Every structure is written in structure tokens, then in C-alpha cells.
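Got some structures for you, see below.
The same subunit A turns up in both complexes below, where it pairs with subunit B and then with subunit C.
Showing the complex of A and B:
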């Protein structure tokens, strides 16, 4: 009898092990991720350290990864250079906010609006339209630069914010992403809302958008990153309209004398998208608890 | 009045559908479709610079396509290499991204930081940042001799591998070791770099799986292996297609063939050949993509 008891106990223990990963397995996974993570984080670590290095350490050869005497000298220099730019520097920041903000929000709204009927309605031409979207994603932006420029100047929005903002709303990728996620939402959810008298827009805004929150946050992160990286040098000629990235690149391009400033610039440019990503990521985690879907 | 009543429900719904799409469609037609048509037009004609109207395009039939496919020595070869690279990369990227997403979706200390770390390559790959990094590096190492033209050229690809290699060289490792390791790690680095967005998409997909399914699986006594194949994988399947398309688009945009057509346009100033190249490669990749997606879609499980 005692033997049987131990056997039962052993089996139960074995089972528990399968359900929840063992401590060793967890440790192994953590190690694996840490290994990959170190490799991926290295550029950022060097970026941050470089920004904090005094000039003599930046020019040191061979270079070191970690800073020995951290200093904010580079940032101070950056502020000095920034303060005597041609147009006040706050203007560049304002431009970036406008372009990135409208580009991101507009794209998420327009793409979600368009994705909703593509995912959940039936109408003629739907499949053709969707195929064209996929096709358009293949169309490399680099190769079509000349037609793009001609269209923008034909529309008369050359050298305005619109030249950067409007085309960004129609990137095919966002529509594609939103459509794929909206397709996953059960029809019954839509039908019950309809029975309760909700209009199409209410269904879209109050039911679909909250349920695909992870998707549109992902999209926002992507779009933000893309708009943030846009220097707009192709369409914006007026100095007053140029975004911050352009000004910072000009500052950083000043040769060896500006090496420290250039490191600080790289840090500043990289910092904002990463922060935005972190904020969005924490939001994505919260969605899980708030979506109350029961089939 | 009577006419209004005749409108069927399906018709009304179609109209609402179009209304929702309208803001997107208008811009899409004006901007993207038009540039597509202009590129097609250029690829079919003999483009030359004209001092009065900017350019002149005389219709030349399929001459450009004939040239790039039959006479141009490099095009076919580069196209095949690019396709091969994409075919090798895509399954690796998808597997890696799904694996990473599942790991990052679990609860452990420092999860947010890890997620951010895996997104770093995407952020670093963006033009402004990679330019800034390259500039900072050039200023520190290359000194005055470096020109800004060289910087922009070296940061044209999204995979900033040169930067890593230069980094290790700067630290002082012998170059033979670096070459060997780079050769071996080349693909891996590319895969990891390409997987950033896919990881985020997969995390979002995993988040949208109802937790009740996992509870049921647990109650029924499924092992985690079984849970993966019977719950997670089928539920994520539609998003595998999403990621597949994204990966192909991404890999294609940074592939050699696009770079070659870009060079053709902007270095050799032959817009007609370049357009024809871009179109040909695009059609080939799209054809393959559509076939693969259709095949996967057949085997995909849809929740409703």
C-alpha cells in the first residue's frame, strides 16, 4: 500500500512538471533570451555610453564599450549649437510633432476605417481592392521617388506638411495589418451590437477598435517609427518646415569637431521611438484583461 | 421614394462599406495607383530628360523588358539571388519571431525590458537613426576625411551589419576572426534584425487569444506541447500569413534587386530600364507570394 502511495505521488509530481515549466527550464529560457538580448541591445548600450563619453574617450582607439568618466558635456554642446540655429530650435521640434503626430494618428484612423468593411462586409470589388493593397506594399518607395515627387508637386502640396502627412496615411501595410486582426473578431459580436441598434460607426468605434487594440497600437508604433525617421528632405525646402531630425543631422554632420555632439544627437533621435514603444507595449498588456469576449 | 425602397440591404451595406473605405481609397488612388501607372508607363517607353517639360517619354513597347531580361548581364542573376535570400530568410524569421513572441508573452521579471530590447533593431534600422549613428561613428573614427555622401550610401540597407563589424574592428579583434564569425552569423543577424516587427505582431496575436481556451486545455489535462499545437498555433495561423506578407515585403524592399533598380535609375539615369526592373521583380515576388498565401490559407483555421 505504501508502494502504491508513492507511485501516485510520483505520477502527480510528474504531471505537475509538465504543466508548469521547471525552474531549470525557466532558467535556460531566460539565459537564451538574455543571450539574444545582449546581442541586440549592444548598439543601444554603445549609443548611450558614447553619448556620455568625453571627447578624449570618443577618439580613443581601440574603442571601449563602457564609459569611464561619464559627462553631460556632449549634451551641453548640443544645446549650445541648437540655440544658435538659423530658425529657433523649438520650431524644428514643433514641425516634428506635427508631422509625426498627424502622420501616426491619421494613418491609424484611416487604415482602421478602411480595414473594417474589408474584413467584415461583403461588397463587389473587395477582393480586387485587397489584392491591390498587397501589390502596393511590394512597390518599393525608393524606386518610385520620381513619380511620387511629380504627383506631390502636381497636387500643389510640395513644400508643405501635407506632402509628408497625406501619403503616409495610405501605406498599405497598416490596412493589411488591421484587416487581418479584425477578421478574427467573431461575427456574433457584430450581430448582437446590430440587434441592439448600434450604427455601423458605433460598431466600428465601440466594438471593433477596443477589441483590436493590440493591433492598432502595434500599427501606431510602426508608423511612429517611420514618421519619426522621416527627414523630409525630398519635399520640404523651406527651413521653417523641416523636422528636427533634419536639423540634428546637419548639426551632427559637422566633422570631427562635432563628434561628441553627433553621439548626443544619435542618442536623442533614438530615445523617443523607444519611449513611445515602451508606453504602447504596456498598453498592449493591459488589453488582455479588458477584452471580455466569451464565445 | 419608391426608388429608395428598392435599395436592398446588401446594397446599403455595400454603400456603407465604400463610405468607410473612401478616405483611404481617395488618397491611395491619387498617390499610389498613379505612381504605379506612371512607373508602368515609364517602363514601356524611352525616357529622356527634356529641358522644357522635365522629361519626355516616347512609347517603345516591350523593348525595355527585352533588354533587362535578355541583354542585361546582371539582372537575372541578381533577381534569382534575391529570391533565394528571401526564400531562405522568411521561414527562419517567422519561426524565430513566433518563438520569441511566445517567450516574451510569458510572465517573468523584466518582460517589458526584454520586449523593448527585441524591438531595438527595428528602431535602429530607421533611416534617421542609422544615419545619425553612422555620422557619429564616422566623426569619431574617420575624422575629417569622411564625406557625408559615403555615410548615406553605407546606411542604405536596413540591416546595419557594417556598423557591427566596424564596431568589433574598432575594439581591436583580428580581422580573420571577424570575417569568419560574420560569415557564420551573417544570416542569423539578418533574421534577428528582420524579426522585430513580426515579434510585436505575434505578441499582439497571442494577446487576442481568449484565455478561456487555455483554461479549458488545462482542465482537460493538455500538456504545454499539446496546448501549443492545438490552441496557440491554430489561433495564430492567420497572423502567420500577416507576418509572412510583412516579412516578404520587408525582405524585398531591402533586397539586392531593388537596390539594383534604384542604382539603375539614380546612378545610370536610365529611368526606363529601372522601372522595368522594378516592375518585373515586383510581379515575380507577388506571384510567388500569392501562391504561397493561397496555399497556407487553405490550411488555416479561422476562429469563426
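Showing the complex of A and C:
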């Protein structure tokens, strides 16, 4: 039964693709995208090539985009510096994994849980609470850092992983994003489940979350990236707790002599979020083709 | 909507206490989020707003100065006026441009399928993914002849001497705007991509039968109204992003930049908060920025409500 359903959907999908699409329009859009794609991708191509360039090619005239004598020297240098670090480098990686993992999963769960009643239920104070969250996103975090520091010290979580993880659970972006997507799910889905005696939490977890999978996967990508780029700044003082970003930026900040290494660092830093992004994107596309979505 | 209206009269007769009791499940679900939110956002923001009425050097206890900080901002601080002008320039140019770019690229990418789609999304989103991508722009816009752009311009004879991109007053803002646009396909873009995916496919067929003739009509009458929640979300994100330009200015043009040409409200705020230790004054700057964003947001949300009408 389920198999047959997907097949029908797929056929519709292809026929639907032809609707309202002219060949000229398709061609035009293709060239437009190719042109813009080059502009977007060019700096990254430069970055990757620079990471593979020997030092004399980085400072040359005329400058070339593509590397002539590719070398892994920069990466080798990076690993040498890494293995020399005061705290074993694996410790930095471990810290980053803890902070990013708990920060991402926790935020997706906590924000989605709060977004569901805000999107679908009526209760006193709902609109005010939601407006406050949206407004709060417009306040510059640069000045809230000092009060934040005092509060984190007061809570006694200063210089622990929690100082980075707990604040990340309440970023406004996630709640707002999830609420907007959940609003689009028809009420009828919720009501039929209620008639079957499902609890609120079951409706949220078993019905809403699967239906907004593209939304929470997107949120996971965004949050992952934010947590991954975290340098720990003022909340983590002991070297043992600091994330990998912090250590890598110390290495990259070595001036012209480390220009190539800095590119290698930028490349290594970007690699993991890109992989995570690709996994999530393929999951989102799979959701789209395998389920009918929305009734 | 209909079913909600039917239950309305019953809900209406309940007292506030009963309503709250009835919604206890809802409160339980929002409780964890709002507990953290209260501690890590509401309290710090309120504290900052209160601090904006004080003189606070982070060493001695804040002393109340009333509206002095605000008066000083507008009457006594010429650099703030430059910062305000630059920030508004960013907001007016990169705000709408980046919003339309997010929408346009997401919509076009939605026409592709499978691997090509994932690849294109990656290409366009990649600048935001690489945390310190501005680094690559410091290579491209390097002021010596080793810089990529200078190298090309010199070789093809467009200029005779290497252009000093971030040391020439007139060039600072255009350069920053280009970099900012390049970086702006972030949160809003991804939410549009996901939003387009959740639109019910059968709506397009119905629209075609109702006489929608081309993809542009389809975009305006079907696609955009169906993804209104994402449009609202994207607007807030792009507004926040374009008003809060600061880091890239500091990284590329320096702080202070040449003749304050690249100064924005956020760089000004960082200058006072981080280097001059005048937290009260910095908080006043943040409050002004906050009011600017809230006002713009109200305006944009009102405009967006009319999409597809």
C-alpha cells in the first residue's frame, strides 16, 4: 500500500514539473545560476587552492587562482603545530564535540517543544511571550555579554561546558523558525490524534516533529554551525575545556609565515559543517520524495 | 480556523484561572525554553537597558546619569552620526538586496532535483558555513599586488598602481557591501529552501487549472502566499543581519577604519564596550540600534502581509 502511494506521488511529481515551465525560461535561469554560482564559489575555490599552495606561490605576481605545484606542506605544518600543543589536541576536539553535540540536540528539542504550543494552542500570555522572543533577537549581544557573565557566575556554571551549552538552548532563532513551520501544519491532524486519546507530548513528538522534518534539520544545520564556530571566549578559562576553534585560531594568527597554514585551518574548520550540511540536505530531500507531506 | 471559532464561546466563559489551568500542558511544554530564555536573554537585555542610563566603567558601581548618554550620542558624538549613516546604508542596500537574493536563489534551486539541488544549495550556502570566510576576502582585496583583484586589474592595465581597497575612504563601504552580500545567504536562505519543500504539490496543479500561465504568476499567487511564515522569519533574520554588520568591518577595514569610513553602530558599540570600558554608553548605543531594528521590522512585516493580494 505504502509503496504504491509513493509511486503515484512520483509520477505526479514529474508531470507537475512540466507545468508552467518554458524551455527558454529554464535556459535563462540555468545561465543566471551558473554565473552567480561562480561568484559565490570563487572565494572558496581560492581558499582551497591557497591551502595547497607552497609559500612562494601565495606571494607571487601575477597571482593565480589555481595552484601550480600542489603540496600538503601547509597541512603537515598544521599537524606538527597541533601535536606540539600544551593540551593534547584530541582534548580540544573532544570539547568541541561535547559543546556542539549537546548545544545542537538540546536546542532543537527545547525550541521545538516550546514552538508547538505557541504555534497551535491558545493560552493566556502566548502572544506576548512570542513577541518578546522575536524582539530579543534584535538586541545586540555585544552589550549583553557583561550581564550574561554575571548571571553565569551567579548560577555557578562559569568555566564549565554548561556556560556555553545552556545559553545556546534558548536562542530565539530556533523557536521562531520551528513555530513558523508548525503553523503550516493543518489543525485537523492534531484534532484527529486528540480524538484517539493521544497526549499533547505524543502529538508533538509523533505527529508534528515528523511533519516538520525539513524545518528541524535546517535548524540543526544552523545551530551546529553556530556551536562549531564557538571559541569559548570569556566563559571558559581553563585550557582543558577550550574548544578546537580557539586552538586553531591561535595557530592561524601567526602572521605572513603562516599564511598557508591559516588557509589550511580555514579549510579544516569548514569541512565538518559542510559534511553535516550535506547529510542533512540529503535527508530533507528524501523526506520530500518519500512522504506526501501535509495531508 | 473554523473549528477554533466554534469553540470560542465556551473558552470565553472561562475565567483566566481556568484558562491557565486548561492550558497546563502548553505551559509545561514551553517551560524549559522560557526558563533558560529568562536567565540568558531577558535578564541581560533588561540589565543593559538599565545600564544605558548610567555611567559604568566596569570597575566602580554604575552611577545614574539619566538621559545623558543618549543626549551625548546625538549631540556630541560625530562618529556616532557617521556610524548611523553607514548602518542605514547597509540596511537600505544589503537588507532588501540580500532578502531578494535569498528568495530568488532558493526559488530557482527548488526547480532542480536530487544531487544537483543539494550541490547548488551547498555552493550558495557555503560562504555562510565557513565561519571565518572573511579571511579569503582579505586575500582577494589585499592592498598590495599579491592581492587577487589587484593582480588582475594591474595585469589587464585597468590601474597603474595597486588599489588600496580598505585604505581609500571612498572604497571602504562598497567593498564591505559586496562582502556582506556574499555572506548574506544564510539563515533566511536555508529557511526558504526548507519552506519551498513543504508546499503542498497539488496546489500547483490546482493553480494551473485555475489559469496560472507561467512560473512568475505561480510564484506570486501560489508559492509566496504558501510560504508566508518563512517570508516573515527570513525578513527578521535579514534585517537583524544587515543592521548588525560589524565583525566584517573590523576584520577587513580595521577598527577604527580610515577616517571612520567603515564605522557602523556595532563597531562603535564594540569600540566603547570593549576598548574604552564605557558600558553605559555602549548600552545606550545598543538600545538605539534595537529601536531602529524594531521599527524597521514592524514596517517590513506590514508590507509582507500584503504578499499575494
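Following the convention adopted for this analysis, the second predicted complex is superposed on the first by the 264 of 295 C-alpha atoms of A that agree within 3 Å, B and C clash if a C-alpha of one lies under 4 Å from a C-alpha of the other, contacts with A are read in each partner's own complex, and residues count from 1 in each chain.
In the analysis below, contacts are C-beta pairs under 8 Å (C-beta built on N, C-alpha and C of every residue); 3 or more make two chains touch, one makes a residue touch a chain.
In this text the structure is predicted, and so the values were computed from the model without any measurement.
Novice: Between subunit B and subunit C, positioned on subunit A by superposition, is the outcome a clash or a fit?
Specialist: clash
Novice: Please indicate which partner A:122 is in contact with in the superposed arrangement: first for subunit B, second for subunit C, both, or neither.
Specialist: Once the two structures are laid over each other on A, A:122 reaches both partners.
Novice: Once the structures are superposed on A, label A:25 by its partner contacts, choosing first (subunit B), second (subunit C), both or neither.
Specialist: second
Novice: Could you say whether A:176 touches subunit B, subunit C, both of them, or neither, answering first, second, both or neither?
Specialist: The answer is both, since A:176 touches subunit B and subunit C.
Novice: For A:258, is the partner it touches subunit B (first), subunit C (second), both, or none of the two (neither)?
Specialist: In the superposition, A:258 contacts subunit B only.
Novice: Once chain A of both complexes is superposed, is A:278 in touch with subunit B (first), subunit C (second), both, or neither?
Specialist: So A:278 meets both subunit B and subunit C here.
Novice: Per the contact definition in the header, classify A:225: touching subunit B only (first), subunit C only (second), both, or neither.
Specialist: both
Novice: Taking the superposition on A as described, I'd like to know which of subunit B and subunit C A:192 touches: first, second, both or neither.
Specialist: Once the two structures are laid over each other on A, A:192 reaches no partner at all.
Novice: List the residues of subunit A that touch subunit B in one complex and subunit C in the other.
Specialist: Dual-contact residues (subunit A): 19, 21, 26, 29, 32-33, 36-37, 39-41, 43-44, 46-47, 50, 58-59, 61-63, 65, 110-111, 113-114, 116-118, 121-124, 126, 129, 132, 134-140, 142-144, 146-148, 150-151, 155, 166-167, 169-170, 172-173, 175-177, 180-181, 183-184, 187, 200, 204, 212, 214-215, 217-218, 221-222, 225, 228-229, 245, 249, 252, 262-263, 266, 269-270, 273-274, 277-278, 281-282, 284-285, 287-288, 293-295.
Novice: Can you check the complex and tell me which residues of subunit C touch subunit A?
Specialist: Against subunit A, the touching part of subunit C is residues 1, 3-4, 11, 16, 19-20, 22-23, 25-27, 29-30, 32-34, 36-37, 39-45, 47-48, 51, 58, 105, 108-109, 111, 114, 117-118, 120-133, 135-137, 139-140, 145-148, 151-152, 154-155, 182, 185-187, 190-191, 193-195, 197-198, 200-202, 204-205, 208, 212-215, 217-218, 229-230, 232-233, 236-237, 239-240, 243-244, 246, 266, 269-270, 273-274, 279, 282-283, 285-286, 289-290, 293-294, 297.
Novice: If you look only at subunit A, which of its residues touch subunit B in the complex?
Specialist: Subunit A reaches subunit B through residues 15, 18-19, 21, 26, 29-30, 32-33, 36-37, 39-44, 46-47, 50, 58-59, 61-65, 110-111, 113-114, 116-118, 121-124, 126, 129, 131-132, 134-144, 146-148, 150-151, 155, 166-167, 169-170, 172-173, 175-177, 180-181, 183-184, 186-188, 200, 204, 211-212, 214-215, 217-218, 221-222, 225-226, 228-231, 245, 248-249, 252-256, 258-259, 262-263, 265-266, 269-270, 273-274, 277-278, 281-282, 284-285, 287-288, 291, 293-295.
Novice: Per the contact definition, I'd like the list of subunit A residues that touch subunit C in the complex.
Specialist: Touching subunit C: residues 9, 12-13, 16, 19-22, 25-26, 29, 32-33, 36-37, 39-41, 43-44, 46-47, 50, 58-63, 65, 110-111, 113-114, 116-118, 121-124, 126, 129, 132-140, 142-148, 150-151, 155, 166-167, 169-170, 172-173, 175-177, 180-181, 183-184, 187, 191, 199-201, 204, 212, 214-215, 217-218, 221-222, 225, 228-229, 245, 249, 252, 262-263, 266, 269-270, 273-274, 277-278, 281-282, 284-285, 287-288, 293-295 of subunit A.
Novice: Which residues of subunit B touch subunit A in their complex?
Specialist: 10, 13-14, 16-18, 20-21, 23-25, 27-28, 30-36, 38-39, 42, 54, 100, 103-104, 108, 112, 114-124, 126-129, 131-133, 135-136, 139-141, 143-144, 146, 148, 160, 163-164, 167, 170-172, 192, 197, 200-201, 203-205, 207-208, 210-212, 218, 221, 223-224, 238-239, 241-242, 245-246, 249, 252-253, 258, 261-262, 265, 271, 274-275, 278, 282, 285-286, 289-290, 302-304
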